[in-house]
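I am attaching a structure below and will ask some questions about it afterwards.
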Amino acid sequence: MKEHETLEQRLGEQGVSRRAFLKFCAALATMMALPPSSAGAIAAALSQAKRPSVIWLSFQECTGCTESLTRSHSPTLESLIFDMISLDYHHTLQAASGHAAEQARDEAMKAFYGKYLLLVDGSIPLKDGGVYSTIAGRTNLDMLEEAAKGAAAIVAVGSCAAFGGLPNAQPNPTGAVAVSDIVRDKPIVNISGCPPIPSVITGVLAHYLTFGELPALDELGRPKAFYGETIHDRCYRRPFYDQGKFAKTFDDEGARNGWCLYELGCKGPTTHNACATTKWNGGAGFPIEAGHGCIGCSEPKFWDAGSFYTPLSAPAADVAAVAQVSMIAGAGAAVAMGALDRAKKQKLQQSREKLTVADLKGD
Amino acid sequence: MSTSLQSGIASFIGQIDGPIASFFTSCVHCGLCADSCLFYTETQNPKYTPIYKLEPLRRVWQQEYTFWGKLMKKAGLSKPVSDEELAEWEPLVYDSCTLCGRCSLACPVGNDIVYMVRKMREGMVASGHAPEGLKGATQRAIELGSPMGVNINTLRAQIKHAEKETGLTVPMDVEGADYMMVLSSAEVAEYNDIIGAVTRIFHQAGVSWTIASDGFEGTNSGIQIGSSDLAAELLGRIVRAAERLKVKYVISPECGHAYTALRWEGPNLIGRPYPFKVIHIIELLDQLRSEGRLKTDSVDETRMTFHDPCQMVRRGGMVEQPRKLLNMVAPNFVEMPDPGLQNWCCGGGGGVSANERAQPLRIKAFNRKKAQLDATDATTIVSACSNCRTMLLDGLEHNHMPHEVVGLTELIAEHLADDKQGSAS
Amino acid sequence: MDAQELLIWVRGTGLQIAAAVFVLGMSYRMLHLLLIGRKKSLAEARGSEWAGGLRTMWQRNFVLPRLSPRGRFTFVAGYVFHLGFFVTLFFLSQHIALFRAVFGFGWPALPRGAIDISAVLALAAMVALLAHRLVDPVKRLLSDYQDYLTWALSFLPLLTGFMLLREIAFEYVTLLTLHIASVELLLIAAPFTNLAHMFSTFISRWYNGAVMGFKGIQT
């Protein structure tokens, strides 16, 4: 396997100008809330960086994360990612198949042991020996444990890899878990979202290439630069929330006036992601701009948080049915206890003797 | 039954009913009832807060009628109500409560506090914790026929006197009369003008009435001490007499607790409805007035005010009747502050007047009445309860106040038309 | 359990538990009160028990007897608290969304400004009432640990709700979790403490009014 060339060389070969490259670096710096002056440093570091080997493992997933990263109009900042790294294994994107593909992975793991980046999308099924998802006859668990050993760091791409995601939703038939549930001894960065924002993936990789380490993470292992604020914090409809102006249906006047979607189930207030600022599809917009509330896809267990259309202030489970049963039980208990109390009173009444004047005298 | 802590607690358990359980459930300890109680307002002592007087009963309720209370009791974690505690509460339940019911109107959650005090007294007397004075009065009522010791001979002497004065016959033991007049002890003993007064009024109105020689005393100390058994025994005399004479109505005298006993508690005490109706003398007079059968031909220019007896007004519902009657004879009538339903008690109801130990506290509580009187320029207080009259006179004397106190029936009788000879009395 | 899972729990299972305890406890307690019953009076009625009972249930809301300054304080602060609490509970848009989700119907909300005022008034009245409970001799004598417990249980939902609307001190997720959890504590404690007065008051008033109505007393 040949030594990887630098990014600048690759870009030059592809006809990307230095000016375009600097713009890309400045954008990265902004996204990660670094000072503007760091754009130069990023550019310098990136242009000289050796493209690291990247192994991308896809487990129980829908390929949405890969789609997110690749489905963009060319040339985009996101597409540049493939120029920054040497993607040595990605079974969706690579040309090789079968034994040849698996061999490429084995070779990369050997050649760059301790140095390669491991990207994972999809959750890992543990139930029944992990039979629910296998690649080349090997379980995802087996493959992850093997690949994790030689990885410098792991990037869990998408909510499935980060938190278990959709496969992990109740009742979790495959026993799906997140990467961090299995690998404990490697630095892991969770880039959650269903799918995650492509430039967030790019940004994290650029940060790793520039500084040689993973960015600062929140308590859920997500880069703070992108997940530090909620959708609600940065939502352009926030003023309507503060005024108490809410759309009640998707086609009422409030909806047409662009009022807050809280009561239509928007999970923006409890969801940490950069959608409201970074936006999607080359900055075209994000779901709330299209009139639909945030579904909270970058948070753990977002499938189990009740309906996407249930307001945050409403129960996430059926409370009315519980209340009905409880009322019947309570009424039954009252009837039973009432009967006991009446019997007690009756007994006292029967054994009671009349008070007489003699009693008053205390005789 | 001999009185004991055990009987007392058993009685508490028996007395606690739906209303009492609701009241204790609802109380949020807001303390608003304190302001409605003259024993609190005049002493500012928090222990006279009405709901606090029920504390032992509340604990029994909690231990016997609530889920957690029962659980705690089973686990031995709750302190049972003790004899000492009941002894400590006795003055609160008897000396500082006249059963006036003002607190029951003030409670924002709707607790009928006086209803609870009445029932709590059942357990207090069963546990042996009733005031000596009240015990004595009840004993005399049962054994001698009246708490004040008056008997049929006293009554006969008063009747003879009234007949001589009015020139009319006071009908005794007339079978088949429409109305049977009942008197209070105090009326027989002290305010005996009432006998002549009703004789003349009924004569003018053409009312068929009688007094029963075996059921003339309406005062019911049993109600005040809180013993339904003893109250029933006292009340039974009147019921038997009324049934013997086959009267249609029994007239309650101007005596608050006699009215409550006769009108509201009576059928429940004897365990069956009456074959007759009970009417308060003031109610009857007002009825005669509206029928045009009660006619007056003179007025009294004195500035008068009306002291609403608690049992007749707040607990009996007769607000308008006494005022309509006063309107006939007292052109210079003025109301005290807080008239009618919100009137303040004389301080001696609910057995307090029979309880010597309570006298200093009662005199102190009279300051409330004094303040009410001071706010008017009335010189005569009219009332319609002989116990109130005694308490007012006592309070006035202690405070060196010059007011006169008269009974409403006598006042009306003084101004009866075509009957001049009695007006001098 | 992370913040999201905790929120899901309080919005789901936690709320189901709280609702079960509240409904079971309250229906037990209120029906039990009715089932203990009372002896029917054998005396001749002068008026209607039902008319008197229903009248008092309603009229006792407006009873304004002549009061001492301490009574007036309790009265005014008590009213401000209850009104503020109910306005906030029943007229904040987010709360109506909750009722709509559970009961299937809703009603128009009050503007946020009005809710801010009602919540602040309720909070202020509660602080004042607590202070008064600590200094007024009558209330001090009457109060037991339960009065302070139920005060705290009623205060916390108001406080956390107020903080939630402004995201004061904590993140939205945390505040929402705290707010819902505090309401759940309130619901769980309500049937077993004097908070049960939220329903039993009307039974008490009915009985009180019925006794009066039976006697024909025009209150």
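Every chain is named by a letter (A, B and C) in the order it is written, and numbering of its residues begins at 1.
The rule is simple: a residue touches a chain if its C-beta (ideal position, glycine included) is under 8 Å from a C-beta of that chain, and two chains touch if they have at least 3 such contacts.
Note that the structure is predicted; figures quoted are calculated from it, not measured.
Of all chains displayed, C has the C-alpha centre closest to the centre of the whole protein C-alpha set. For this structure, the chains sharing the highest number of C-beta contacts are B-C. Taking each chain's centre as the average of its CA atoms, subunit A and subunit B sit 77 Å apart. Centre-to-centre spacing of subunit B and subunit C amounts to 38 Å, using the average Cα coordinate of each chain. Each chain gets one centre point, the mean of its Cα atoms, and the points for subunit A and subunit C are 40 Å apart.
For subunit A, residues touching at least two other chains, in rising order: 337, 341. Residue positions of subunit C with contacts to 2 or more other chains are 25, 28-29, 32, 35-37.
Among the residues of subunit B, those touching two or more other chains are numbered 65, 67.
Within the complex formed with subunit C, the residues of subunit A that make contact are 219-220, 230, 232, 242-244, 246, 262-263, 269-270, 299-302, 304-306, 310-320, 322-323, 325-327, 329-331, 333-335, 337-338, 341-342.
Subunit C makes touch with subunit B in their complex at residues 25, 28-29, 32-39, 41-44, 46-47, 56-57, 60, 63, 65-68, 70-71, 74-75, 78, 136-144, 147, 192, 194, 196-197, 200-209, 211-212, 215-219. Residues 16-19, 21-23, 25-32, 34-36, 40-41, 44, 46-47, 49, 51-52, 65-68, 104-112, 115, 263-268, 271-274, 277-278, 314-317, 319, 337-338, 341-342 of subunit B are the ones touching subunit C in the complex. On the side of subunit A, the complex with subunit B involves touching residues 337, 341, 344-345, 348-349, 351-357, 359-363. The residues of subunit C lying in touch with subunit A in their complex are 2, 4-5, 7-8, 11-13, 15-16, 19-32, 35-37, 92-95, 97-98, 100-103, 109, 111-112, 115, 171-173, 176.
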